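Going by the order they are written in, the chains are A, B, C, D and E; count residues from 1 in each one.
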Amino acid sequence: MPLLPKILWSLVGVLGALAYGLAIGGIIRKVMARIQGRIGPPVWQPYLDLGKNLSLRTATHHGVMSFIAPIFRAGGGIGLYLLIPVVVGVPALENFSFSGDLLMAMYFMFFGSLGMALGAAEAGHPHSPIGISRGLSQMTAYELPFALAVVALVAQTGSFSIHEIVAAQQGGWLHWNLIQNPLAAVAAFLAFLGMNMYAPFNIVGAPQEIPVGPPTEFNSQFLSLLMVGRATFAVAKMVLYMDLFLGGATSLPEAFVKTFLIYFWSVFVGAVFPRFRTEQAIRFFLGWPTVAGVAGVLLVMLNR
Amino acid sequence: MVNPILLIAVSLGVAFLLPVVDRLGRGVSRTVHLLTLAFGMLVSFRWLAALAAGAQPARIITGGWPPPLGINLFFGPLEAALAALAFTTALVAALYLAHHEQVPTVKSLVIQLVLVVGAVGLIMTRDLFNTFVFLEITGIGTYAILSFGRERESLESGFKYMALGSVASIFILLGVAFLYKLTGTLNLDDMAGRLPAVAVAGVGTVLLLLLVGLMAELKLFPLNGPAIDIYDGGEPGVMALLVGTTVNAVLFTFFKVLSLYRGDAWALAVSTVGMVTFVVANLLAIRQTRVRRMLGYSSSAQLGLLVFLLPFVRGEVVLMSAMALLLLNHTLAKAGLLWLAGLHGGERLEDWRGAFPDSVALRVSLGALILAMVGMPPFPGFWGKWQALVGLARSDAWPWIVPLLVGSLLELVYYFGWYRHILEPAGEGSRGAGRAAFAEVAGILLFAGTALALGVRMTAGIWGGPASPALLLGLVGLVLLLVRAIPVKAGAAVSLAATAWILVRMFLSGGGCPLWNVQGFFVVVTLGGALVISLAGLGLPVERRSFWGLFLILVGSILGLITSPSLLGFFVGWELMTWSSYLLVSQGRKGTRPGFLYMLFSGAAGFLILGGLMVAEGAGVDAIGGLVQLGGGAALAAWTLVAAGFAVKVASLGVHIWAPDAYAESPDLFTPFLSGVISKIPIFGLAVVAARIAAPSLHTVAGALEPVHVLAWVGGLTAFGMTLLAVFQEDAKRLLAYSSVGQVGYIVAALAIMSPLGWTAGLWHVVNHLLFKGLLFLAVAGVVYRTGTRRFADMGGLITRMPVSFVSVLIGIIALSGVPPLSGFAGKWLLYEALMERGWLLLTAALMFASVIAFLYCFRLIHSIFLGQLKPEHRELREAPPALLAAQVLLMAGIMVLSVWPQALLDPLQRLVGATFGAAGLELEGALTLTTSFGYFNAVAIMTLVAVLFVVLLAFLLFAGPRSKKIRQLDIVYAAEVPPPPEELHYAWAFFKPYERAFAPILRSAATAFWKGVGEVTGALGEAGRRIYTGDAQTYMLYAMLFILVLAGLGLAG
Amino acid sequence: MKQIVAVVALATLAILLWQLAPIAMPSGLGVVAQHYAEHGVQDNRGANLVTSVVVNYRGFDTLGEVTVLFLSVSGAAFVLRRRTGLEVHEPRRASEIVRTGARLLFAPIVLFGTYIFVHGHLTPGGGFQGGAVVASGVLLLLLANKDHPLPHGFLSWTESLSGLGFVAAGLAGLWAGGSFLANRGILPLGTWNQLFSAGVIPVIYTFVGLKVGSELATLLDVMMHAADEEVHQ
Amino acid sequence: MMAGNELYVGTAIGLIVIGFVAVLTRRNLLKIVLGFSIADTGVNLLIVSLGWLPGRTAPIVDDPSMFSDRAALAVNAARVVDPVPQALVLTAIVIGVGVTALMLAYVIRLYAVGGTLDVRQFGRLKW
Amino acid sequence: MDIVTLFNLEDLLICAVILVAALGAVLHRNLLAAVVFAGVVSLAVSYLFLRLSAPDVAMTEAAIGAGITTVIFLIAVRRTEEVEREEP
């Protein structure tokens, strides 16, 4: 597929992802409210917030880093999305996934977090670095089970390329990696909880403790970019998990259903469990998920 | 030629005349004394030259009767050399002692002269009873001159020495008499001929008497008590005289008399006693706090080593030259050190803090002599020890090589324990040469100079002839070191010019790009690092003037190490690198203690590698290329030893405790080179030396376990452990130190994969690590230079004051953590592909986890220094010096090039790896996308993707919303809270406390505790051991009795 | 405890040495001794074989021997060189008889000593024995009167010159007789059993006698007058 | 058994051992030096007894007639004891006196400095 | 064949004297007596040398062994202490 149409299709893809991301954000908040017996904000609330930020008349920044942070954040989200083929086989939805394999995707995730961390720290308020320290610690923690799962899958399919991983899972849900290597899937999905910063792992941006932090540090267009990053980042991760464990999608509706279910898994857990302290979170991730991951890897090594 | 008998006759005649000549005036008698010694020296040197040129040795008879009727003397090359050495030492000692006499009398001149006559007589005589007479002459001369020093101590030690000496002479006299009775002759050679024929019972006992007598004369273990006491009590100048004359002569006599002892039992006994003396004396020296007593133990140990070698020397030419070198080295170094001890007068080790601040020549001589004593190249001692080890390895004498290495390591411990105090900056308490007369200093300079000159001449031939760049750099460094007039900045310029010139010459010279072979690759890495450091050196001042001299010697040694084809050349370069880097590390403000630890572990690594090389030499391999032929057990042993040595030098987990301090406390300018280049030399070792040895796999219960897999896990664990520890550091340089040790762990893992892709990943990471770690260290150096502190809590908010340093650190941490656009990701990607290809899954996951943890300390580094609140005192801080920034920009450019155009480095690497493995490992499809069997990566596409995103989003920020207004940090009214005063705001202390609590169980650093334990055990052994020297004369004599009975009991008294 | 260990050790040493007794059994002359016994007389035409062995065959030993004595006397002087303290003066003077006896006997003793070392090559005795006798003569003087003025200059000169003489004889042997201390070409071997026989041996032994005599005298003097520090410093 | 020199050798060994007993057990410095002197005498006696041949006279040729006749000289060879040990002992005795003199000088100085003759007081330089 | 005829009576006596004197020299507390005993030993040994037909050595032993050595010992005793102090 020639370059220009690919770029246009990718742009459409990104906007679609953004919309879908914001929508999911709204739905989740609605569901959480309902579980807690509240009515909760309307589902389209995120769109309103984005619109509000873009139309503000004043904007402030703290220097160079205030620009770099949102750019890294949004760039990370969008970049990650662009690197993962949403629907394998449909060139329009494969974005730029040919320029980097699963490893690239994994490391691109840090791109966003790094930007976020730098930006927040530059503001100079002590509470933001506390948030970042917790966020990064937690990130490294869930990275281990995720890495183990990835290693297991890649060893199983013999390649880092997401295309091949998806191809290997074709032919009915029995071939999905979820079934092929359930242990690795367990490890990955537990890690997924950590990635989404939902309860019980949402100590990072815990609203009542850190009144400052990114949501208040940034405003207007800066904040809007952060929301874009956050939304696209969530969507990209869902797509990635879909490709890795649920055999990718042959059509868009299928993609929507699968990703929604994946996302709901973290929401569903989040609604029920209270918040972990940071070291509890870290110990949790280095506990059962890692054991599952290692077992998954051993499983693969044995029957190879 | 002059008849050598005149050496004795003339000197004796003058000795008799001295009391009378003295009546004409002390000046006259002193000049006559010096002239006689000079005469003797000249004659011996002329003879030595003639004999070296092939003249016939002189066979002298006395009394007109040929042996066995009369007494005959022999003057061959060995005798000439020893006589020359004796006369020279005596001459220089006379000059020295002239200034140290409390009660000057002519008697001291007489005694010195007769002492030399006795020594020369001992060397030349071939008659057994005549040997006894000359032993008595040297003995009595020694007892007399020992009363030279301080009243009480010298008398006490002198008496003990004399008592044991008398016991020894009784044994010897009995032995000689009975031997005469048995063989009917007194001539040594004639007796050696007749002795085997004598089959009478009791011959063994007679020989034992003579042997124990001579061993008591030599003061070997357990009889070395008095010998050590005279060092403690006597005047060091006198001891220097004895070391040069009597000790060597008695040792040579022992060598001659050994010809009477046929059979392995005797050889085993002598070697065992020698080796036991060597190891025990070195062990006991560790706990010594008094310098002279330590030197005493060291002399006893060296003598033990020489005695140990004696039985092996029969006929083995290699070992003969080894002994000659070791003896010469010991005489030069020990005599020099003793004169220095006398001049300095420091009793305890601590008194030597910053010794000789007023005289550069003496300071350099002291350093040179200590290095010579420990057997570091280029000094003769190193060559001697190497040849001795090769000789032993050839005859597969492994039970001897191990204690020899252990003993040498112990020796290194206490000598550098002393050198640690000397290197400390000169305070008010440090003593110098004061108003020492030239005569006193002349000897020291002469001996140190000879040792150095001899050593350099021997090293010249090693690295491919004198024109090799390595040697040129080394010599330029030596000149810089010795000529202190050159200002420091000029030193930096010289170093910059030299490294640049060699680098350019390498690229221009034919034979394609040097990167195509491993040696070329590492040379470019080294020179690149050196270039950057020199450039930075123009900006950042250095405290010590000797920095650049040592730096060039270091770079020269590394080049030599890389380019040398032979194992010997490799090891010479290695040891040179060790001590020059040790000196540089110790130049840091608080650098001496970490330097000592650095030297201990580097020394231990050196000895491990030496052991491995000896396994190879034993199997007849002496070139690096030849290592391939090593087979079976030898290959495994060699590989394990060499790999263990490199693992210690790379500071893998468990032996890492030296690295963080050494990196942190070394001078700020040197740390980038230490972490960027020197930590890569063991990698070169692994790639070139270890890789060539095809180590067979170990058959453990769980099936075959490949050694390389173990090495990979060592690398992996180091990466994980060090990165984890780096996260909790409060000091910028220590954080980077742990980080660089961790990164090197990655490289070790990569190389251990032993696949084309693995090596590509490893070598890519070598360059990458040099670039970003150099960048980070230089940036931090700039910050430390400006702020004067290294603790995170004291910095903060410097982004406004030092923007360029901020950018360097930003680029550095992105490259380090492997975040995509920059070159770090390519390294990580290659590594994981290679690991997956090799099938080491768990190791891959562990490394992935470690690289994420690296992310933590990267952020902490940039946050604590540049982000957060700016401290009031840093308001007017200036940016780092321009030259330093230039160096940083150079490195940033390097990283950018590698990020955008990885093929620039990958193409040569493919050729290099292809040459090594025969397969490329990486297809460069369409010159853009790198594909391996597992995945693909298009650097250009990713870079453009990120760039486009960056531009688009930046444009969005600038133009989408209203013009944004910058607000100062304190004015955060918009953030709904007014912060307290700035100080409390900078959150940098214990940044990852929760993380620390989570990992608490595995964080208790067991390694430090373990090594402290090892230190204590050795110390306790030393403490217990030295208790046997009770200082009581009778106990020492009782030891002599028991010693002979024990040997008799062991069946030697046949 | 140490005493017991020492005694036990020495007992074992005695047994060890006693095992060597069989070797010590007389078993005829060794090859070298056989030559000395047969040709000793002809080689040097000296009656006393032991002297010709000591001075000629193994002359180098004797040179070493003389050096040992010279060195130990200088050494003793060097060790006792602390001239700082005051000398302790003996209150008691030797009795009348000793003093007069000393003066009377000194000359005959010295004469007897000279006889011994001059006839070294003929009768038993030689340089060392003669020297010792001369020294005992000097001892007698010192016993009589501790502060008897000894001619230090003379003694020192004799000592040095006789030592030099010995070395000169050796060098002459080297120059004339082909090897150091050779007994050829310097002095005629003369007729057997005459005073002037056995070539340079009597000359050397005279030098040795003079040297030993003066040295031992100096030794006695040095030890007697060694400075006495305040005893319980 | 021919009358050998066991008696002399025995006495010599006795002297040596007694000398060493003095050296190793007596605390007094002078006694130690005395011990060495006695041991030296013992050794010298042992060496001379090594060279002794029963029934033979001193190695001095006192019969003028023997000088001119070569055969007589050969006979003389069977008449004398071994001169070499005597030469050695001659040197050994003088060496003995030399060493003893030096030791006594040391003892005098040690007494002057240390105020005692007990060897255990002169053991400060240790370990 | 008893011990006496094997060695003539004289030698046996002399050797006994030597050994006893040597023991006396070693054990006696008064140093002067000890030195005298040593002198006796030297003299007796010098006589024994005569028995061993070694006149030169006998003279040396007598002159130097008995004479000079005993004297320098006496000088040394005078310079230090006469009686061996019994210390713990």
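What we mean here is this: a residue touches a chain if its C-beta (ideal position, glycine included) is under 8 Å from a C-beta of that chain, and two chains touch if they have at least 3 such contacts.
Just so you know, these numbers come straight off a predicted model, no measurement behind them.
Looking at subunit A and subunit D, the chains that touch each of them are B. Per-pair tallies of C-beta contacts place A-B first.
The most distant chain from subunit E, with centres taken as the mean of CA atoms, is A.
With respect to subunit D, maximal separation of chain centres occurs for A (centres as means of Cα atoms). Compare each chain's C-alpha centroid with the centroid of every protein C-alpha atom shown, and the nearest one belongs to B. Here the spacing of subunit A and subunit C, counted between their Cα centres, is 107 Å.
Centre-to-centre separation of subunit B and subunit D, using mean CA positions: 52 Å. Distance between subunit B and subunit E, defined via averaged C-alpha coordinates, is recorded as 60 Å.
Between subunit D and subunit E the centroid-to-centroid distance comes to 12 Å (mean Cα coordinates, whole Å). With touch defined as above, residues shared between interfaces to two or more other chains in subunit E number as follows: 54-57, 60, 64, 68, 72, 75-76, 79.
Of all residues in subunit A, none touches two or more other chains.
Shown for subunit B are the residues that touch two or more other chains, namely 129, 133, 136, 140, 143-144, 147, 151, 155, 174, 178, 180-181, 186, 1034, 1038, 1041. Screening every pair of chains for touch gives A-B, B-C, B-D, C-D, C-E, D-E. Subunit B meets subunit C in the complex at residues 3, 5, 9, 12-13, 15-17, 19-20, 23, 60-65, 68-71, 103, 105, 107-108, 110-111, 114, 117-118, 121, 125, 127, 129-130, 133-134, 136-137, 140-141, 143-145, 147, 151, 155, 174, 178, 180-186, 200-203, 205-206, 1034-1035, 1038, 1041-1042, 1044-1045, 1048, 1053.
Residue ranges of subunit C in contact with subunit D, taken from their complex: 3, 6-7, 9-11, 13-14, 17-18, 21, 24-26, 28-30, 32-34, 36-42, 47-50, 53-54, 58, 61-62, 64-65, 68-69, 71-73, 75-76, 79-80, 82, 85, 123-124, 126, 128, 192-193, 212, 219, 223, 226-229, 231-233.
Interface residues of subunit D facing subunit B in the complex, by the touch rule stated above, are 16, 20, 23-25, 29, 32, 36, 39-40, 43, 46-47, 50-51, 84-85, 88, 91-92, 95, 98-99, 102-103, 106-107, 109-110, 113-114, 119-120, 122-127.
Residues of subunit B touching subunit A in their complex: 797, 799-800, 810, 814, 817-820, 825, 828-829, 832-833, 836, 839, 841-842, 844-845, 848-849, 852-853, 855-856, 859, 862-863, 867-869, 929, 933-938, 941-942, 945-946, 949-950, 953-954, 956-957, 960-967, 969, 972, 974-977, 979, 984-987, 991-995, 997-999. Within the complex formed with subunit C, the residues of subunit D that make contact are 2, 4-6, 9-10, 13-14, 16-17, 20-21, 24-25, 46, 49-54, 58-62, 64, 66-67, 73-74, 76-77, 80, 82-84, 86-87, 90-91, 93-95, 97-99, 101-102, 104-106, 108-109, 111-113, 115.
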